[in-house]
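For reference, the structure is listed below as structure tokens.
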Amino acid sequence: MEFTHFDEHGKSKMVDVTEKEITFREATATGYIYMSKDTLDKILDNKIFKGNVFEVARVAGIMGVKQTSSLIPMCHPLNITSVNIDFEPDRVKNCIKITATVKLSGKTGVEMEALTGVSVAALTIYDMCKAVDKYMIIKDIMLVEKKGGKSGHFIRSEND
Amino acid sequence: MEFTHFDEHGKSKMVDVTEKEITFREATATGYIYMSKDTLDKILDNKIFKGNVFEVARVAGIMGVKQTSSLIPMCHPLNITSVNIDFEPDRVKNCIKITATVKLSGKTGVEMEALTGVSVAALTIYDMCKAVDKYMIIKDIMLVEKKGGKSGHFIRSEND
Amino acid sequence: MEFTHFDEHGKSKMVDVTEKEITFREATATGYIYMSKDTLDKILDNKIFKGNVFEVARVAGIMGVKQTSSLIPMCHPLNITSVNIDFEPDRVKNCIKITATVKLSGKTGVEMEALTGVSVAALTIYDMCKAVDKYMIIKDIMLVEKKGGKSGHFIRSEND
Amino acid sequence: MEFTHFDEHGKSKMVDVTEKEITFREATATGYIYMSKDTLDKILDNKIFKGNVFEVARVAGIMGVKQTSSLIPMCHPLNITSVNIDFEPDRVKNCIKITATVKLSGKTGVEMEALTGVSVAALTIYDMCKAVDKYMIIKDIMLVEKKGGKSGHFIRSEND
Amino acid sequence: MEFTHFDEHGKSKMVDVTEKEITFREATATGYIYMSKDTLDKILDNKIFKGNVFEVARVAGIMGVKQTSSLIPMCHPLNITSVNIDFEPDRVKNCIKITATVKLSGKTGVEMEALTGVSVAALTIYDMCKAVDKYMIIKDIMLVEKKGGKSGHFIRSEND
Amino acid sequence: MEFTHFDEHGKSKMVDVTEKEITFREATATGYIYMSKDTLDKILDNKIFKGNVFEVARVAGIMGVKQTSSLIPMCHPLNITSVNIDFEPDRVKNCIKITATVKLSGKTGVEMEALTGVSVAALTIYDMCKAVDKYMIIKDIMLVEKKGGKSGHFIRSEND
């Protein structure tokens, strides 16, 4: 198994997917933003405010998904056909779980798109809350499931 | 202390920094990408390849810093004046530490720019290595230091 | 009939068009920019100048069409295959009518692309003429025709 | 008074503002999106949904303001320092009024930024509601107030 | 043979490729950046440095290819499927030859993408070396080969 | 004299200009696009068409100038204050000379902006004429004059 993004001399390249078939692709990624109990309470205790923090982060994440190929040098530009981003606050661990699912009917997978969506949504939550908490940490951004393409169905077996 | 990115009705806004003074600003953020021992060995054991993986991720991170205000809805567009992004592989923990430092002479801080630089660099490493390892995890993206502005000098006292 | 851009909990999402068929799509939108008689005369009375105002606005409109999915959060990125933007000055009403027609062979309609093209062209005319007339008004941006897709052929039956 | 965006031969140019002073600038623009009573009711009758339609449009408008100089050919890139976008539904006229206010401490005015913010917010509302109403019309996008710079304080004396 | 990017009245337009077939497309462009012997020596004599100059320029060129339709007004947005950019220093002529090859399975050719990739890579080398040599010149950017589409196989017969 | 865009280990970085003074900056770059006599005649013989080819290329060049820091990895984002792009056809050499002049009051020079403006304008002319002439060549893109900053006034003493 090889680093497909580099040629035999170690030079970077955009992988050639010209000949690949157009198939259904789907990827789901998750990540977390940890914060103080106080910060999480402030987000969750006001219904309008909570809705808006999540809605702004969702819009940012969806728009971020569409910028993936402008941000990650070797990513192919793709006409993604579906994006869902969701948030689950956890009052015990004092964090918000972010989940992004991206779909495509195309020649290459969309795991980078899902990971980018999670990252941008997390950064947006950080930005909106940084005035009250500079100690927030974005953690455990990872691929949890991937369907379609020749590498087959991937489901993460452990969440470390 | 308030969520400055929302008004009294919970509506999002870009914080008004018109009246703020132009001062020197600097922010440093770090993050990590964990991978299998085998993947890290493959990156590090070939000198040219290692150099290029880091150089591609560095370029992506620097360019990502410049896209911060296009990605994060409430971030102000800024004429950042310096970006450094660095990588430290750790053979014990099987990870690569990413550090981004951003400077500005301006009206608002650059912590989001530093955090975005780390995130984009981490995603780029993920992208370049995903053909050999889908289990990589991006961890612990956080602000470690911030200088300038009225909130003063911030140094992270603990690393989570 | 439902707001397709929101899920059952009211959360925004990019509509899933993965399963939709690739068909021929076309949309035409129009809009108007009203100005003083004096301003319109200044644009129209010099042949070179008139040509250039319209040509700059046309280029901006065409490039704007291509930015639609970067501007409108829930729009799908599309490989549009044709854009025409045209201008018709009206000496009686003291306005310029802008018409944009966009085509695509794809999975979703291009009405937002046509509407965005009209809007950016109108804003560009405003920008080029604002030194002589701050009272210009952009009016009546609307979809006039839409072909293709399962919703069928739409022709606007009245013009407000 | 001249078309400052064209030279004496009618060629377009970006106006030279190098020598202009840095002063406080502010601009407010408004616009309207008209729709059927039924569509407006659907937006307004569900509190969560209403909040989210406006929040998505607000985020799009704020991000659109930051793209002004990428969209409008002769606009100067500016480090805008404040953006507010607001929505007022009108149950009598069956429309939503959009107001955008942009501030800057810089060398040129921000009226194009305010007008672009209104336009992108209006287009976003159109996009989110177009599945239920293709007859919506975006109307009367105009500058209502402008402060700062050598042209002085402009307040629109009539609203068309 | 006609200027396809303008209609019969001389107005610019995006050529309508809606009806064209999806076929394999490939284009290769080359260009050169000339510099003083001293500058070229400085680039080539340090192995790490040489690698990094070329890697940064390669990443910029690949990302530039993906921006083609945002830069060139009448270019269609395309989901390019492969990009390779390479550099050949010439110690005799004191220049670096840049070659970009772009592939697509689509409705229109990718020569503009290849030419843009060469141009952005050349500009990036200029930028990285301008502190030591302001006299560098970018020369002879041209299409050398083009496959696919109804115009058939083009191979440049002379390199002037 | 050093390659300022790389640190002592050969790693790329964005040069730190935080401490530099804000001064007046100006840069002028030129370039040429050569074509067949027949192609040049076709551009020049129709007045409207000639005007529009140049106007489209001018708009593209001006907008390209504003994208410089998004295209060239180590370029600083700058609020440029003036751009002029001009075209001079040469019936003897069968080429069009492109000249771009960019101004800024800022901390770093604008030579990359001027060079990028010339490049994008040249690529746009290529795009608009490629249906009639695939043999066009873009030549001799170079800096001709640079004012401001500590490196002083540069005037190119020879034209290659």
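The letters A, B, C, D, E and F name the chains in turn, as written, and every chain counts its residues from 1.
Convention: a residue touches a chain if its C-beta (ideal position, glycine included) is under 8 Å from a C-beta of that chain, and two chains touch if they have at least 3 such contacts.
Note that this is a predicted model, so its numbers are computed, not measured.
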Greatest separation from chain A - chain, by CA centre: F
Which listed pair, E-F, A-B or B-D, duplicates the contacts of B-F in over half of its pairs: B-D
Between chain C and chain B, distance of the C-alpha-averaged centres to the nearest whole Å: 37
Euclidean distance of C-alpha centroids - chain A vs chain E, Å: 32
Distance between chain centroids, defined by C-alpha means - chain C, chain D (Å): 16
Chain F residues counted as touching two or more neighbouring chains: 11-12, 48, 51-52, 55-56, 59-60, 63, 67, 70, 73-74, 77-79
Touch-based graph of the chains, sorted into line, ring, star, complete or other: other
Residues of chain F defined as touching chain E within the complex: 1-6, 9-12, 31, 42, 46, 48-49, 51-53, 56, 59-60, 63-64, 67, 70-75, 111-112, 115-116, 119-120, 122-124, 126-132, 134-143, 146, 154, 156, 160
Footprint of chain F on chain D - complex, ascending: 7, 11-18, 20, 69-70, 73-74, 76-79, 106-107
Of chain D, residues touching chain A in the complex: 48, 51-52, 55-56, 59-60, 63
Complex contacts: residues of chain D adjacent to chain B: 24, 54-55, 58-59, 62-63, 66-67, 77-86, 103-105
